[in-house]
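Have a look at this one before I ask anything.
Each chain carries a letter (A, B, C, D, E and F) given by its place in the written order, and its residues are counted from 1.
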Amino acid sequence: MSRRYEDLAGPDIAERVSAESILLLPIGAVEQHGPHLPLAVDHVIAHETATAVVDRVGDELDIWQLPTISISKSNEHAWSPGTLWFSAETMLAMLRDLGRSIATTGCERLVLLNGHGGNTTILATALRELRLEFGLKTFLVHPSVPPAYGGESTEDELGMGIHGGLHETSIYMHLRPEHVDLSKAERKVPEGLDSNEFVKFGGAVMFGWLSNDFDPDGYIGDPTGASAELGARLFEANVAHLARQMAEIKTFDFGR
Amino acid sequence: MSRRYEDLAGPDIAERVSAESILLLPIGAVEQHGPHLPLAVDHVIAHETATAVVDRVGDELDIWQLPTISISKSNEHAWSPGTLWFSAETMLAMLRDLGRSIATTGCERLVLLNGHGGNTTILATALRELRLEFGLKTFLVHPSVPPAYGGESTEDELGMGIHGGLHETSIYMHLRPEHVDLSKAERKVPEGLDSNEFVKFGGAVMFGWLSNDFDPDGYIGDPTGASAELGARLFEANVAHLARQMAEIKTFDFGR
Amino acid sequence: MSRRYEDLAGPDIAERVSAESILLLPIGAVEQHGPHLPLAVDHVIAHETATAVVDRVGDELDIWQLPTISISKSNEHAWSPGTLWFSAETMLAMLRDLGRSIATTGCERLVLLNGHGGNTTILATALRELRLEFGLKTFLVHPSVPPAYGGESTEDELGMGIHGGLHETSIYMHLRPEHVDLSKAERKVPEGLDSNEFVKFGGAVMFGWLSNDFDPDGYIGDPTGASAELGARLFEANVAHLARQMAEIKTFDFGR
Amino acid sequence: MSRRYEDLAGPDIAERVSAESILLLPIGAVEQHGPHLPLAVDHVIAHETATAVVDRVGDELDIWQLPTISISKSNEHAWSPGTLWFSAETMLAMLRDLGRSIATTGCERLVLLNGHGGNTTILATALRELRLEFGLKTFLVHPSVPPAYGGESTEDELGMGIHGGLHETSIYMHLRPEHVDLSKAERKVPEGLDSNEFVKFGGAVMFGWLSNDFDPDGYIGDPTGASAELGARLFEANVAHLARQMAEIKTFDFGR
Amino acid sequence: MSRRYEDLAGPDIAERVSAESILLLPIGAVEQHGPHLPLAVDHVIAHETATAVVDRVGDELDIWQLPTISISKSNEHAWSPGTLWFSAETMLAMLRDLGRSIATTGCERLVLLNGHGGNTTILATALRELRLEFGLKTFLVHPSVPPAYGGESTEDELGMGIHGGLHETSIYMHLRPEHVDLSKAERKVPEGLDSNEFVKFGGAVMFGWLSNDFDPDGYIGDPTGASAELGARLFEANVAHLARQMAEIKTFDFGR
Amino acid sequence: MSRRYEDLAGPDIAERVSAESILLLPIGAVEQHGPHLPLAVDHVIAHETATAVVDRVGDELDIWQLPTISISKSNEHAWSPGTLWFSAETMLAMLRDLGRSIATTGCERLVLLNGHGGNTTILATALRELRLEFGLKTFLVHPSVPPAYGGESTEDELGMGIHGGLHETSIYMHLRPEHVDLSKAERKVPEGLDSNEFVKFGGAVMFGWLSNDFDPDGYIGDPTGASAELGARLFEANVAHLARQMAEIKTFDFGR
């Protein structure tokens, strides 16, 4: 049986979606990822990951997969023709509208599965807005897996393989091999950042950046060693990891 | 070769998309369509129609298919739990953001392929906004085919098979037979409207309506005689019709 | 007795305006109409037409005429100094505010009489917004009369006399002869559009246009043969047509 | 020759409206004024006053009269069914849109003639916005005349005849005698305010009020002694006063 | 005991703040004040004045002092690098948010103490918005004292010492002597305005101005004779004056 | 010499603030912190920390301290009367306005020092907006110190002393001892969260929460062991830590 929300008929909602259900909304992007990867990367990964998670534990956990939001807030790539992006205000309005819609279903749990790092802070902001305005329990998860859960080390990328790097490229080679051209990939690691103690990705000091602040080619990482095999391993680990997250979300009640 | 915009890499945009290209944006909806059809109808039809058109004439006319916008302005179905909808203001903001993004590609022609009638007026409004603000040539097309181009007559529906009726149901039976349950379909034609001279669908007087203004089940038409065969014929006619529209769009220059 | 809403005192509203009443809001524009017509054309025609309709059937149908909105969304003429225009967002905000205000009167029916074609899609959008948010029954009518109701044929204009053409000019010569200078009028028909099958005014493909996309003078049609006599006939036919529309609106209830 | 802006044709703007011209925008309201006066009072007075001023000095000072904005920010009367009002945000958006439009004419001076006291602060705010954003020289005038310029004393109203009181009622009896019903008028002076030193109309402390904060009938003043004769004198004095203001506006240049 | 609102704990609000209390919100600005005064002038004066008033009558009148809003709508100084300013729309949004927050306390009276003249009209607008939307009784007061209450005459400044002039400079010399450099001050009185009958500060005609419309140095008045002694006298008079205003606000009930 | 931005005169900005300078904007909140702490906690800590950092390294690094924003986005405490909060949209508008203002100074680096955790995601979002729209280099820092830099262990609080807990209470006892009432403090650790693997503070799954989701008293942590001595140590460590962060920010250039 389909676990896709959109395959339900209107009257099914009241019967099939309940306070025990979880709605899962994949969110991606259409944005430049360097010359070796297509614009689609983030939403394809979000969509495929969500689908695999729902295939695995959707019935058990009563998850309904919402249609993937393909385009989102990618303004760090606004400099690159072809990037499609919504402003922060538009994204907030979209998320409020979705929260308002979803609250009518009786479902209490909404999980955003975000495939685009540039969305993380605005989505995290929206978690609270939807909780306050519509009473939803809201969650934000990401497809990528930390090393502790099976991810390969990215020590070689100095921990900065954040956009079009080894992992993302490998996963895309696994999912859409025909759309990756590794011959165009180079090492694009902003080595100069590595000596920073605070102002760096994941450092104590967050900083505003555009993807061409580091290098005119606009990708960050070293995809040269990417492979479909590594991608397959990472993808499987991600799905397994998310399945466990969804199980915990299922019964989460603020520690009460 | 893929004609999907999202399968291009960032640097491909400058090389592949030009002032001669056409960008095609399918727009659907996630909204109730009665008990016999799923929420997905409009965006599946928009997406499948766009894909078939691009398969047929994409290379010839240099069309690039943008990712389908699945959720849009469905507030005539706001009463029905499960309908997902963006407000008019949110839709306008999304369309402006997309116009701003697309204008950076150098492409001059943007075609909206709208699968949801409830969007028509806001999209038609946006055509002018994007022309004025970003200099784009903008167009709005619809998947449905008028009788003159091969569509079956809907005289039996009194011309009111506008939401979940014979044609839409048949096309969905062709595209996604497993998601149609014709046993739940009834005739839902607001016969009382037929005697009106002006205030009716397509009449001289437009009127504001919600889909449950006519009948609490919220669909409008008579899907009881729907069939995949009819759907296949209609779909093919629609695609052929749109292919000819796209050819005319290709060279349109305001009659100059 | 006055049928103008604004001539009522505050306490009269509760006594005189009821669920059986109809509120009629004329909406015009202040925008260039070529060298032969003044900026006022659209709102003068909307106002005079509304006034004549109310004079004819206002008492019978319990219609109250709201003050004319003179300025609206004329951004297709933004290129022409002197055009006054509100953005789409401003127009939506104004219409929502009016709907909110009108809903307090107890009147259930609001008719927009739109004299400016550039407003049609945004007003049609607002019909649904006001129905959903304030429970109003909303309608959109236009002053122009189709040939079937007494309008002269515009075959000579190839059906494209849409802005400052034969009919509009004639009606204005009837209403305000001192403000028309036919000596400055020329034939401005975008003949090249006529051979289009789809992309044309009223064609299957809607397109975004600015009024100087066709000709730098910015009017569309052939006013050279205009006359006050033709204008008088058209105006009378329009009023008669609208009176019948208002009668149907009076009892309209979604075919229930 | 007409001095109404709207009677100009598009191409006339460049020829007739120049940096030496003044654009005059009357702004009124549609709002309750008690049982003795109609909703139209403010915009009729604004319109008639503006028209009389332009008749008197329009040619001399090169003034162009814009179409009257009938509906504005009347939310102090939101409690009274029938009042039509735009929110503060909508009014600001309308004024910005108008400023943007007017700046294209080459005219440098825009005068708002405001007939509704409830607009004064938002219009005064807009003066600066339009100066900063569009480089316009902006002015705000009011039709009412202070005692020093021929206005009758309102000592009897304790200086609080601010809405539907002696002066406004008299002027309306002069302008539209058929729409005033003095038999319904009573004395409605909030005597309790008179003993205040600071918190009162025109006092050192401004305060937020709704028109029914003082009395459920929502008018403020004592119209019982109103007469068309007094109204005629006041109106003439107002026009004379405004004509002198316009002359000063004509050459105003910040004291430089 | 502290009378600062922010020094209360959350649960104290219900116990300490009641319908009998007054909330006092000082609002300042960070904007150029000429070469002799720092950007801080307006918010320092608003803050210090509010503090002195609360010290004097806070216990007696049950006043709670809200944290000072330092930055506000200073766009008349947008030309001067360093001025920090919120747009009119942002200010309205901030004030609405504060009104919504304050309405939860049970306090019914909110007094805005405005130290920046450029805010007056937008704050006066907000008084009504907060009264209508949240039921608050709202008031707007200013720190400056009129001559009748002890202020020195500014006849020498022709009544135009409105920004960085004699009084403001003197008060700042009293409050922050180390931040005034009188050696840089000159007489900057737009003498040309003085001969105007209507278009001048406080005249019958309001006008839109930027602070560099009069003089490139952007201050208006004659601070050359300023002294801390005069400032001390003015400040004391202001505080005394405001204390009396607050007492009247305490029992104000629209004259009922 | 003062390092406060607001103590500069307008013309000083061009002379004193340069591309080498850093602007530091402290941002706090006015929100409930349980019964033992006042509403002011976050903005007092942000302000005092910023001041101490500037005192220490302001001259060396050419830092200018902007006036503290006291009120911000505290809607997780909207349930608690007295909390003052701006919506996400208002905050974004404020930050854009500030970015626009600051970009006129020629300064290239803006550091937000955020004392309220509820702001972190919206401020982090704004970092990119201000970089893209105004070209600023933007940074976000926090006053709290991680254990590695001298912070005491909060193992006893299970890592959940996030609002009104041991550290925050101690620092406030150091800064404002008279405003802390430890007798009202209890242990409020949501122990149930501790067994979660993913959905917890700092866990892989972010979740939307309101401060009363965990406990009706709305604070989270165990302040019972707080002391001014611990506060003094933590504050000093925080300042030292931030001074080092500012030094790195001074020369940060995206690793180029």
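Quick note on the criterion: contacts are C-beta pairs under 8 Å (C-beta built on N, C-alpha and C of every residue); 3 or more make two chains touch, one makes a residue touch a chain.
Each chain and its UniProt protein: A, B, C, D, E, F = Creatinine amidohydrolase.
Quick caveat: nothing in here was measured; it's all calculated off a predicted structure.
Path length between chain D and chain F in the chain contact graph, taken as the least number of steps between touching chains: 2.
Residue numbering shows that chain D and chain E use the same positions for more than half of their mutual interface. If you average the CA atoms of chain A and of chain B, the two centres end up 28 Å from each other. Averaging C-alpha coordinates per chain places the centre of chain A 56 Å away from that of chain D. Within chain A, contacts with two or more other chains are made by residues 78, 89. Taken as a contact graph, with one node per protein chain and an edge wherever two chains touch, the assembly forms a single closed ring in which every chain touches exactly two others. For chain E in complex with chain D, the touching residues are 75-76, 78, 88-89, 92, 118, 121-122, 124-132, 136-142, 146, 190-194, 196-199, 204-210, 213-214, 241, 244-245, 248-249, 252-256. If you check the complex, the residues on chain A that touch chain B are 2, 4-14, 17, 30-40, 43, 66-71, 77-78, 80-87, 89-90, 93-94, 97-98, 101-102, 104-106, 179, 181, 184, 218.
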